[in-house]
Every structure is written in structure tokens, then in C-alpha cells.
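Read the structure below first, then the notes.
Letters are used for the chains, namely A, B and C, taken in the order the chains are written, and counting of residues starts over at 1 for each.
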Amino acid sequence: MAERIFSWLIMVCALLVVAALLWVLSDVVLQGAAHFSWQFLFDAPTDAGRGGGIAPILVSTLWLLLIALTVALPLGLGVAIWLSEFASSNSRFANSTGITLDILAGVPSIVYGLFGNAFFSIYLGLGFSLLSGGLTLACMILPVFVRTCEVGLRTVSNDWRRGALALGMTRSTAIWHILLPAARPAIVAGLILSIGRATAETAALLFTSGYVDRMPGSLLDSGRALAVHIYDLAMNVTGGDGAAYASALVLVTLIIVLNTLAQSLVDSWFKRRLVLA
Amino acid sequence: MNRLKERSYTLGEIEQGKPCCVPQPHLQIQDLTVGYGAKTVLSQVSLDIYQGCITALIGPSGCGKTSFLSSLNRLSDHHADAHVSGKILFDGQDLLHDPVDTLKLRRRIGMIFQKPNPFPLSIWRNLELPLKEHGVRDRNVRHHKIEQALKDVGLWDEVSDRLHSSAMALSGGQQQRLCIARALVLEPEILLMDEPCSALDPIASAVVEELILRLRGRYTVVIVTHNLAQARRVANYAGFFWMTERVGQLVEFGQCQHLFEAPTHALTAAYISGARG
Amino acid sequence: MFNNSINNQADRRLNFLLLIVASATGLLLAIIILFLLNESWPFFANRWRDGTWLQLFYGQSWYPLESQFGMAPMILSSLAVTVGAVVLALPLGLGSAIYLQFYASPRWAQSFRLLLNVLAGIPSVVFGLWGLTRLVPLITSWQPPGASLLAAILVLTLMILPTIALTSASALASVPRELLAGSMALGLRRNSQILHIFLPAARSGISSGVLLATARALGETLAVLMVAGNVVQNPSGLFEPVRVLTANIALEMAYAMGDHRASLFASGLLLTMLVWLLSWFAHRVVRAHKQALQYG
């Protein structure tokens, strides 16, 4: 009897979850598709976003992402390599860097928005611009990216490190040709996580890259991210729901497409070296 | 290094069973003591490794044989808190105190590990990477050397049709022979082998053992093994390690036949007969 | 493994380069923390002597323009929203994880997992949009005004559900198979197996996943802002509108000046501290469990 009730409860839980999630997903897809047309991607918004499309907003979103990744990826990979391969386990600097990374990985994005506003926009004088927004996003994704890559590198078998050393190879060669390719799954995971977070971010951008929905002329122009656009349409524009849902559909699709792209790019880059069984 | 390059690169010139050792020490180890942190694992070992001979090191687990081996190519440098004292004389240099280029040293003193550790690359890249690392720029030369090394370990016929597929797909015995080929392709003078057969099945183990026998005369080999019968079959010289008060020591060293048939030390006799019975 | 001892030019150069990169990153991290402290400093400095800075934590009235900085209602609302979401999402997520791991057919499990993965990647603002256009009207028709504590809890629940379900499922999946064989040999029923063997064994993985989800719920800004009504008051009922700390920052940053602005930074620090506490707790749980496995 207990067994019956237990399985019944479990089924109900699963059913509820599936139903709720499908409800959200189908709403986004159906309502989004209803307002979507290909023209929507290439037009500028009119009437505060109720009409027209999202072309300048897409461009701003991609610029923000590009800036964030260009800054965060090399820095993050470098720090991850340093932490896992060069820093000795009792180095105080390495330990405190690790702890700070852990703390910052959990800091709410709105707090990054505060920091970005104070530091990039005001202190460095970048104002409300794509640059300060992108740099804020870079700060936000850096800790998570470093930690994922570092864990990935640490789980690479020590046999390979020892083998490389015993052959008189430099660590640089071992890292570049063996360890990084072997840590590929973790690097991809970190990249996908970072892209997801940066593309979906709203709160950190409100006070750094701003609201302006014109096509950005330079990186010092303000630009509105897709997520900010959805927020603005839903909250401040009556009758903007249709466009908001269409933008949400585009945003979700964009994230999926970018993730697939990242996955295949990293794979093809490493596949040339790495031949797994 | 020139001397090395001029050597013709074929095996099998030396008839098996014939005394092949030149009674001339290739490595002279004096008072070698190895410890990790506050713990001493090996104390005051002195012995000569003779040129072109196979020297087997036997004894129970944990008596410092592996630590001994990794001091010889300075791999112990990479252990966080290892300290090595004493003298290791090689080619007129004290490896522990004179300034030694460890990368070049490890090219001259190769090492094979217990667990086969081919890199997760293609079979070809496994051999090409160390060659490139040691500055062999000419493609044709590399090609020739790789082919020769694979022939030396008897892998060429088995894998010549899938040189560009993954090394990880090979069987355990093939992987270990590939690792030996990877060491041989650098044309070392000395090969250190840390229980090279213990992770293999009996048949693969016999193949690798036969390969080791064929290396006699051309290379100086130091092999750690738990298999007394194997030590007896392959070695010219043998050393017996034992732990006294948790510190490893060399109890007896001499010609293999002598050590096995007429051990001078009671411990040796007990170990050999105990393992035999 | 590599540890100390660098013996060649190439590695020395790489080490030097990476050290610069690491230092730059370390500096950046320090700047983030220093700036948050520095920007909130005026608020504390002006109120340190008379002790009124503590008003931040227990003051009931939030009238920043009249220099009344009481955040207690917002702190309480943040906690209420977070606790509510976790209390709802935990049993549902755990139940789904158990279903996924023990009951679902492979094909079903695969589609369920895909659905969870897709929804875990959906931006929070989309959940907010859905909550605002679907959930809030629904609640309004039942108990106006609609935008309320309940709406915020439900939206956050949906948001953290996929994370909790996926981390719990992977924690359950990593329970050693020998345990299963052992419990089968004892002839335990499936529900007792799950309740008495698998759940305890996966406890640390599940709880660290839940704590991370809690941190996410606490730090979420826009999804909550869009559906919670944003009235500064103590959370007295499920249908009352509330304002959480994060939403307060987002709403007022645009025009805040002087001490007002500094107080927003101070609330950012407070949030950081709460999240920090949670992740420290998560670390402790995981470590304690590892030790128990080692010595137990």
C-alpha cells in the first residue's frame, strides 16, 4: 500500500512539473510565433517597441556578448591554467583568488550592475554604453568560467602530465597539446554557461548599457539588450506583450543557437589535435 | 648529442643470452636519500648501473623503488615536497647538484610507467609530439624515426594501417609498447621502467618482456618489477630493496644469477624463497 | 602534479604571462569588492556615530528622500519569497528527480531531461514576462490585486525547479551501484530503497544543488520585480504585493543620489553577504559529507 501511494505521489510530482514547464514553454513559443515574422528581425522598433522589429536590439545584444566573451574567455582560461597547473597548492595568492572567485560566482547580477555603474560608467567615464555593459557582463561570467575550466583541467589524468614530463616536454607543450584538449568538455560547459548567463542578463545591464533602442553607432553608444527590451515592453509599454513574446522567442532561440555554435566551434578546434577512442 | 645521432638505429644485432654488458658504469648512484616532507622513504642507496645491461630492482611494495627511479631523471622535482640528496653521476655530471637541463636529461633518460599512458592523440601524434618538442624539424627525418621506433617495438605491422586513429583504442599491451616506442623515438641512452608489465595480461606481458630483452645491449635499462621470475629472465644485474623501520634500503646488489642462486644476505634469501614457495 | 620547479624558458615565459593574467584578475576582483564598499561607505559614515545605520536592518519605513532608510520589510520580503519558492520547488523537484531516475522509461526520461534542460536555460526575464501576462491576471481574477507575494513565489519556483530536479537527478545517479545491489539482496521494496538508501546517500549532492538554487532565487531581480507589485510593506499575506531587495535596487538606482544611492549599494553588500553565507554553507555540507564517506 505504502509503495502504491509513494509511486502515485512521485508520478503526480513529475506530471505537475511537466505540465507547468510545458505551459510556460508553449506560451512562449505560440504567442511568440503569433507576433513573429522574418521582418521582425530586420526592422527597427517603432511606437516604443509595439511595432516594427528588433534589429538594433539584436545588434546591441551581440555586441555586448562579443565584448564580454573577448574579455572574459582569455582572462578566464589563463587564470584557470595558472590555478591548476602553475600555482603551488599552498600559495596564499592562489588560495585567496580561488575564494574570491567562489564568492563572486554567487553574487546577484544586480550587484554587478551596481559595480559596473559605479566603476565603468562613472569612474572610468564610459557612461551608459555597450562597452561598460559588456565589461560588466565579463566581470559577471569570469568567476564561473574560471572555476569550470579549472575543475576540468584538474580532473585530467596525472598520467599524461607525468608522461609528458618524462619525455622532456615543457609544460607549455603539455598544456597546449594535451591537457587543454582533454579538458574540452569542461571548457565547453563553462562557455555555454557563460553565454547563457551573458545573453539572458537584464539586471546587470539596466544601469550600464542603458535603454536606448537605436542602432548603436560605436561601442561608446548606449544599446538595449534583448532581455532589457523584453522587460521594458512588458513593464512600461501597454500593448507590448505580443512584441515581448516574440522577442522572448528570439532570445531563447538565440541562446540555443549560440550554445550549439560554441559547442561545434570548440569541438572542431580541438578535434584536430585530439583523437579520442 | 652528436654521438647519439650517428648510431645506427636497428635492434637485434646482439645475440640473446650472450653477455652484452660492458662492465662500465653508466650511472653511479652514491648515498641517494629520498624523502617527502618529514618522511624519509629511501635511505643511503649506492649502486652502479652498467652500460647496456638490464638492472632489475626487486622488493616489496612501498620500499622506495619508484622514488629511486624518479630521482634518476629528476621527475622527483615535480613532486611538491620531495627532497633528494646524495650523488647521481652521469656523463661526468652530478645530476643532483650540477646545473642540469632536465628537458635534455629526460631525452637521454627515458621512462616507462606502470600504467600505459599514451596521450589521447593519434598513434602518429603520440610519437611526433616529443620529436617536434625536441627540435626535429625535418618531416622526413621524423617520418623515418617514427616508423623505425614502431618497428623496434613490433607495433608497425599491427598499426601501420591506422596510424591516425586514436592511441586510446589500442589494447593495454599495445599501449605499453607504444609508450616504449615514444621513449625510443627520442633515442635515449637509458630507459627507466617502473613495473612495465604489471598492468598487462599474461600474453601482453610476455610480449613486452621479450621486447625488453631485445633492448639489452643497445640501451641501459633499469626495471622495477615484482615478478621475480621476470627479473631472473631478463636482468643481468639485480638489486634487492627492503624496508627497515619504514625506510627503504638497498640490501643486496650484484649479478642477477648470483643474487638469485647464492644470495649473501639472509633477507634476500628469505624473500626469494618465500616468493618462490 | 606539475608543482614548482620550472626548468625552461618556454615555461618561465608562460608562467610569467599567466601570473600577470591572474594578478590582473585578482586586481579586478579586489576592485569589485572595494567599489561596493567604497560606494556604500557614505551611508555608513554618516550614520555610524549615532548608530542609526542599524536602521537599515530593522527600520520599518523606507522614505529615502526623507532620509528614512529602513529595509526590514524588503529584507523580510526577500526571505519570504525565497523560502516560499524553495519550499515549493524542493518536493516537486526531488519528486521529478526520483521519477526521472527510477520510474520513467528511458525514452520518457530522455524527453523529460531535455525539457528540464531547455527550461533551465530560459532567461529569468522570460519567466517574468510569462508570470506578468499569465499568472498575475489569473490571480487577479481570484484575489486582486494579483501582483503579489504568491505570484513572485510561483514564478521563482518555476525558475529554480529545473535546476533542483537536474542536480538532484545527477546526485541520485552518482550513488554507487553496489548500494542498489545490496538493497535488492535485502529484498527491500522500491520505495524503501529510495527513501532509506538512495536519498540519504545522495543527500550532499541534493542539498548543495538546493542551496545554489536558493542563492539564485535570492539574487533574482527582474522576474520578481515584474510580478511582485513592489509595494514596500511587510509580507503579511500571500496576496499582498511586496518589494524585495534586488527589485528595490533596480527600481530606484535610476534616480538615487547621495545617501540614497549609497544605501542601495549597502543593500547590494547585504545581498552579497547572504549569498556568501549560503555558498559557504553549501561548501560545508559537501565537505562534511565527503569526510563522512572517508571515515564512516
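We take it that contacts are C-beta pairs under 8 Å (C-beta built on N, C-alpha and C of every residue); 3 or more make two chains touch, one makes a residue touch a chain.
Going by UniProt, the chains are A = Phosphate transport system permease protein PstA; B = Phosphate ABC transporter ATP-binding protein; C = Phosphate transport system permease protein.
Quick caveat, the model's predicted, so the values are computed rather than measured.
> Name the chain whose C-alpha centroid is farthest from the C-alpha centroid of chain C.
B
> Using mean Cα positions, find the chain sitting nearest the overall protein centre.
Minimum centroid-to-centroid distance belongs to A.
> Between A-B and A-C, name the chain pair that shares the greater number of C-beta pairs in contact.
Between the two chain pairs, A-C has more contacting C-beta pairs.
> If you average the Cα atoms of chain B and of chain C to get two centres, how far apart are those centres in Å?
Their C-alpha centroids are separated by 54 Å.
> Distance-wise, how many Å sit between the C-alpha centres of chain A and chain B, to the nearest whole number?
Going by mean C-alpha positions, chain A sits 49 Å from chain B.
> I'd like the Å distance between the centres of chain A and chain C, where a centre is the mean of that chain's Cα atoms.
17
> Among the residues of chain B, pick out those that touch two or more other chains and give their numbers.
Residues 78, 80, 102-103 of chain B touch two or more partner chains.
> So which stretches of chain C touch two or more other chains?
In chain C, the residues touching two or more other chains are 1-4, 8.
> Touching two or more other chains, which residues of chain A qualify?
Only 88-89, 162, 165, 170, 173 qualify.
> Where on chain A does chain C make contact in their complex?
Checking each residue of chain A against chain C gives 2-3, 6-7, 9-14, 16-18, 20-25, 27-28, 74-76, 78-79, 81-83, 85-89, 93-94, 96-97, 100-115, 117-119, 123, 139, 142-143, 146, 158, 161-162, 165, 170-173, 175, 196, 199-203, 206-207, 227, 230-231, 234-235, 241, 244-245, 248, 251-252, 255-256, 259.
> Hey, which residues of chain B end up touching chain A in the complex?
Those residues of chain B that touch chain A are 73, 75, 78, 80, 102-107, 110-111, 113, 115, 117-122, 125, 129-130, 133-134, 164-169, 179, 182-183, 186.
> Mind listing the chain C positions that touch chain B in their complex?
Per the touch definition, chain C meets chain B at residues 1-5, 7-8.
> State the interface residues of chain B toward chain C in the complex, per the touch definition above.
Answer in residue numbers: 77-80, 101-103.
> Quick check on the complex: what are the chain A residues that touch chain B?
By the definition above, chain A touches chain B via 88-89, 157, 159-160, 162-170, 173, 177-178, 181-182, 273-277.
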